[in-house]
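Next come two complexes, and both contain subunit A; in the first it sits with subunit B, in the second with subunit C.
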Partner chain A sequence: MNITIFQSRQFRVFKKHKLAQFGAITLVFFILVAVFADLIAPKDPNKMNLRHSYKAPSSEFFLGTDRIGRDYFSRLVHGTRVSLGVGLGGIGIATIIGILFGGLSGYLGGRIDIFLLKLSELIICFPSIVLILMIVTIVGQSLLNLILIFGFLEWVGLYRLIRSLFMSLKEQEFVEALEAFGVRKFSIMFQHILPNAIAPITVWMTLTLAGMILAEAGLSFLGMGVPLQVPSWGNLLNGAKDLRVLENYPWIWIPPGIVITLAVLSINFLGDGLRDAFNPKS
Partner chain B sequence: MLLIQKVDFMRNLILQIKDLKVYFDTDEGLIKAVDGVSFNVEKNSVVAIVGESGCGKSVTARSILQLLPTNAHIVDGELNFNLGDNKIIEIHKLDRNSREMRAIRGGEISIVFQDPMTFLNPVYTIGYQIYENIKEHLHYKYRNSIAKIHEILASVGISNPIQRSQQFPHELSGGMRQRSMIGMSLSANPKLIIADEPTTALDVTIQAQVLDLMKKIQNEKGMSVILITHDMGVVAEMADFVVVMYMGKIVEKASCQMIFNNPKHPYTIKLLESIPKLGRGRNQKLKPISGTTPNFTSLPTGCLFSPRCDFASSKCSNIPKEIEYSDNHFVSCWKYNEEIKEN
Partner chain C sequence: MRAFILRKLLNIIPTIFLLSLIIFIGMELTPGDAATALIEPDTPVEEIEKIRESLGLNKPAYIRYFLWLTGIFVGDFGISLNDGSDIATVISQKLGATLELMLTSFLFSSVIGVILGIVSSLNKYSSTDHILTLFGMIGLSIPSFFFGIISLKIFSVDLQLLPFGGRLSPDEMGNVRILNLIQPALVLALLEIAAVMRYSRSTMIDVLGKDYIVTAQSKGLAPWRINFLHGFRTAVTPIIVLLAFRLPGLIGGSIIIETVFVWPGMGSTFIYAVEGRDYNMVMMISLIVSVIVLIASLLVDVLIAIFDPRIKLQ
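Now for the complex of A and B:
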C-alpha cells in the first residue's frame, strides 16, 4: 500500500528532532493566537485612556498599559496577527515570484534566464535594509506596502535556489520522456519538475519567514515599518526607545522581546528540522 | 502532383526517411552525426537499427520526433510520416516546438526509453503518468480514463493493475517499470513506436519477456516498431528488416534473414563474428573488431570503415556508392561495386 506521511523516513527523522518539534508546536501556538486574537484578548488594542498611562501589570491589565494607556496584553496578542501576517504574506508573494521566475529561468534558459538573473543580481547588490527604508519613504507606510516590499525583495533567494534545481532536474531523463510524450512545457515545469524540488522550497520558506518577522520588528522599531497605531511586535518595542521606559517600565519591552525571540527561534528550529528530515544523508 | 506520387509511394509505408542529415554544432566544429541516411519502415513491421555506440542510431531515431539537443539540426533530408487516409506529414518541415510536433509525439509516434528507472517521474504514481499521455492526446478526464489505465497495465502483463497504478516508480521492479513505460507509450494508440535500447537496462530473463511482449503487442495492434539496439540476439528475435549503421552512415540494409545468413559488408560480418554462438563449445574465441571508431572531428577520407577493414584497398579512399546487391539488400562497399561490374 501507499506509504502514509506518518510512516515516511522524513517523519521518523523529524520525530527524533526534539527542537524542531518544539518549534512546530510553538509556531502552531502563535498561529492559533493570531487567529483567535479577538477571543483571547477581547479588549480593543487601540483604545486610549490617558488616565491609565504606564500602569503596571495587574488583574485588570495583564501586562500593564503603555504611554497612552492602551492595554498591553491586547496589543501583544493582536500584534501576533500583524507580525505573522506580514511574514506569511511576504513569504507568499516571494514564493510565487521565486518559483515562477526560477522555473522559467532554469528550464527555458536563454534570454529570459539572463534577464531574470541580472534582475536578481540588481536586487541582491543593494543592502536590503537601506533599500527597504528607501522604498518605504517613497510609497508610504502601510501594512500592505510592507508585505509587498518584503515579497518583491525576498524572492531573490528562492529564485536562485529554484533556478539551479531546475537546471539540474531538467537534465533528468524523465523530463526527456515527458517531452517525447508531447507534454506542454509549462506542465513539465510546474507539474512535474516542481514537486521534485518541494523539500528545499519548504526549508527556504520557514527560514525566510523568521527573517521577515525579524525585519518587520527591526523596521517598526525604527518607526519605518507598519504605521505606529497598528499593533505589531516591532511597534510594541518602538515604545521602549526611551531610556526612562527601559529603566522604569520593564513590561513595555520584556514581553515583546521574549515573544519575538521565541517566534524566530522556533521557526528556525523548525526549518533546521525540516532540512534534516529532507536530507537523505541524515 | 508531387504529393500524389508520395501518397502512392507510401501506401504500404508508415515512415520514409530520405537522405537524412543531422549535424551538431560543437566547439570542435561541425559533427555529422547522421549523414545521408535513407530507409523505409513498412506498416506492421519491425525495423532494427544496429551499430556501435555513437554511430548515430539514437540520433536518427530522435530526429524522427525532433527530440534533438538545441545544437543539433536537421540540415537536409525528408521525414515523411503516413497518417493514413492519404495524409502525409512532412515532419522535417515542422518546428520542433510547434503544436503539430507535440501532437505527433506520444500520439502518432511514441518512444520507449532505455532505462525505466530514470525515465519515470519519481513523484507521481504509475497510473497518473499514463494518464498524462492520455490527457494530452485523447483529451480524457481522469475519472473517465481510470478503466483505460487499468486495461493498458493489464495488456502489458502487469498483474494486479488496480493496485500497481497507485504505486510510485520506486515501488516497482525494473521489468515492471519497463512494462509500464511500454504501456505509457501505447496509451494513445500510436502507429509507430521507437524503442531506444528497451532491454539494455534489464536482466536477461526479463529482457526476453519484454521483447516477447513488444512483439505480441506489435502483431496485435498492427503497429510498426523501430528498434535501436547493439544486441544482435535481440535483432534476430524481433526484426523484419535490419539497418546497419557505422559513423552516421548506413553501411548495409537488408531483411533480417539476409543480414544473418548472407552478410555482405565487412563491418556487418565482423559485427556478427563478435557475438558468441551456442553450440560451438566452451573454448570458442570471440573476434573483437580491431581498432576503435574514428573521432567524428577527424574522419578518414573515403570509406569510414577502411582503417579497420581487412579488405581495404586503394579504392577505399573514395566514398563508396550504395548498390543493390540483391533484391532489397543494399551495401555500401567497393568490394561489391567491383563484383557487380564484372558480372
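Now for the complex of A and C:
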C-alpha cells in the first residue's frame, strides 16, 4: 500500500509542488506544537503577575508579557492547540454532515434532496460571520459552542460537491450492478460511491480548515469567539485593539498575526498542491 | 426577459418568508422584548403587564409574527433592547457609511484585481506571474484585521499621515473626508484583490487555451486583438459573476474592518449589538443583510442572462 502511494502520479505531482511541501511541513510543525504544548511552553499560560505587565521580550519572557503579566510565548504555544483544535473539530463535524447530507441528496434525490438543498440555500443567504455571530448571541460564547457552530454551518460547500458527484456517479454501471445484486442503499452510498470522492473531500477539508482558522481569529479578535481568558491566536490579537499596545508594545500583536498568516498560508499551499495532484489535467 | 426576472423574483419570495420566520424564532428564543426595553428598572409587575398588553406582546406567537412582518413592510423594524431607539432610524443612519466603504473598495478591488489577473494570465509561468500568485495567496491568508492593524500602525501611528479611524459627516469638506475613507476602503479592497486576481487569471488562462484562440493566432491576428477582443470578451462573463458573488464576503469583511477602523456603519453597529446582547438589533440587521444577499444573487442571475446568450430564458 505504502509503495503504491509513493509511486503514484499524484505523489509525483505533489513532489514537484515546492510550496505545497512547505505547507505540509509547516502544518505538521504546528500540529506537533499543539500536541506537545504542555512540554514546549516554559510557563503556565494563565498565570497572572501584575508586576510584570507589558514586559518586553527578554531571556525570561521569550515574547514578553501581556497586560496582566502572562507569559506571551506560552500563550502563543497553547493558542496553537486551541486554534487548530477549533478548526479541526469544526472540520470534522462539517465533513460528516456534508458527506451524509450530500450522499442522501445526490443518491436518493426526491423530497429529501429538495429539503436539504433549500436548507443549504438558506444558510448561504447569510455572510458566514453574520450567521455565526447571530447564533453566538443566542447560544452564548464557549469553546465547544464555537466548534459546533462552525461544524453545523460550514458543511454547505462540501454538501454541494458531494451531491453533484453522487448524482453523476449513481448513473455509472458499477452502481447499477450493485443495485441489481440487492446491496443495501446505505452500503452503496458510503462503501462504494464515497471512496471515489476522497480526492475532492481532502482538498475541501484543507481549504476550509484555513477558512475556519481565519474565522476563529476574526471572531476572537472581535471578542466574540473563544472566551477571552482561553489563549487562542485570535484572542492574543484582541489586545491590539488598544491604541497603547499599537504605539508601544509590538510583541503583543506582531507574533500572533504572523503565526496565523503562516498557518493559513501553509494550509492554503497544501490545499492548492493537493488539488493539482488530484487533477488529472495538471 | 421580463418574464425571466419576474419568475426569479417569485422564486425568492418563499425564501424571504422562511428567513423572516427563522429571524422571528430567533428573537422569540432570546430574552427581552420591547416592554423590557421601554420600562424603568423598578416598574411594578402590573405596570409591565399593562405595557405588554398595550404593545400586543401577550398575543399568540403567530399573530405577533404576522404583525411583526407587516410592520417590516411599512418600515417599522422594532426598537433596540438597549436604549429603545428605533431600529429603522439607526439602520438608515448607518447604511450610507457602509455603502460608501463597500462601493469604494469594490471598485478598487474589481479594477485592480481584474487587471492584475490579466497581466498574470498573459505572462503565464513567468516570474511576474509567480510573484503575483504568491502575493495573491498571502492576501487570501492574512487575517483582514491583522492587515488593518499593520496599516494603522504604519500610516496612522508612525507616519501620522492618515486619521486613526472614524468617519466625517457628509457636510465636511470632500478632500478631508477622503482621508478617513481611504485606509479602511483600501485594506478591505486589497484582500479582495487577491481573490479577484486569482479567479480572473484562471478564467483567462482557460479561455486563452480554447480552439478559436488558436485559430485566431494561426490567422496572424495582432496579439492584443486576440487577447482582448477574442479572449477577454469571453472571460468577462464569469468575472462579472464573481464580482457580484463577492457581496456576502464584502459584507462579512466590512464588519471586521469597520470595527478595526471605528467606521460608524452597519458592521460596527452589528458588533456593538452583539456585544450588548441587543437581540432585536442583531436579528434585524441579519435579516436585512440576508435579504440584500438574496437580491444580489437574483441580480447575478439576471446579469448572467444578459451577458451570456447561451442561457435560455425559459
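Everything that follows uses one rule, which is that the second predicted complex is superposed on the first by the 278 of 282 C-alpha atoms of A that agree within 3 Å, B and C clash if a C-alpha of one lies under 4 Å from a C-alpha of the other, contacts with A are read in each partner's own complex, and residues count from 1 in each chain.
Here is the rule we use: contacts are C-beta pairs under 8 Å (C-beta built on N, C-alpha and C of every residue); 3 or more make two chains touch, one makes a residue touch a chain.
As the structure is a computational prediction, the values presented were derived from the model and not from experiment.
Asks: Just to be sure I read the superposition right, which of the two partners does A:Trp253 touch: subunit B = first, subunit C = second, or both, or neither?
Replies: So A:Trp253 only meets subunit C here.
Asks: Considering only touches as defined above, state whether A:Pro195 meets subunit B (first), subunit C (second), both or neither.
Replies: So A:Pro195 only meets subunit B here.
Asks: After the superposition on A, what does A:Gly218 contact: first (subunit B), second (subunit C), both or neither?
Replies: Only subunit C is touched by A:Gly218; subunit B is not.
Asks: Once the shared chain is lined up, is A:Leu133 touching subunit B (first), subunit C (second), both, or neither of them?
Replies: Only subunit C; A:Leu133 stays clear of subunit B.
Asks: Can A:Leu116 be said to touch subunit B (first), subunit C (second), both, or neither?
Replies: neither
Asks: Compare subunit B and subunit C by how many residues of subunit A each one touches, and report the one with more.
Replies: C
Asks: Classify the contacts of A:Asn268 with the two partner chains as first (subunit B alone), second (subunit C alone), both, or neither.
Replies: In the superposed model, A:Asn268 contacts subunit C only, not subunit B.
Asks: Touching residues of subunit C toward subunit A in the complex: what are they?
Replies: 15, 18-19, 22, 26, 29-30, 137-138, 140-146, 149-150, 152-153, 157, 164, 248-249, 251-252, 255-256, 259, 270-271, 274-275, 277, 279, 282-283, 285-286, 289-290, 293-294
Asks: Help me check something: in the complex, which residues belonging to subunit B touch subunit A?
Replies: The touching residues are 65, 67, 97, 101-107, 110-111, 113, 115, 118-124, 132-133, 136-137, 166-167, 181, 184-185.
Asks: For the complex, which residues does subunit A have touching subunit B?
Replies: So the residues of subunit A in touch with subunit B come to 2, 172-174, 176-185, 192, 195-196.
Asks: Give every residue of subunit A touching subunit C within the complex, in rising order.
Replies: Against subunit C, subunit A makes touches at 118, 121-122, 124-131, 133-134, 136-138, 210, 214, 217-218, 221-224, 237, 240, 243, 246-247, 253, 257, 260-261, 264-265, 268-269, 272.
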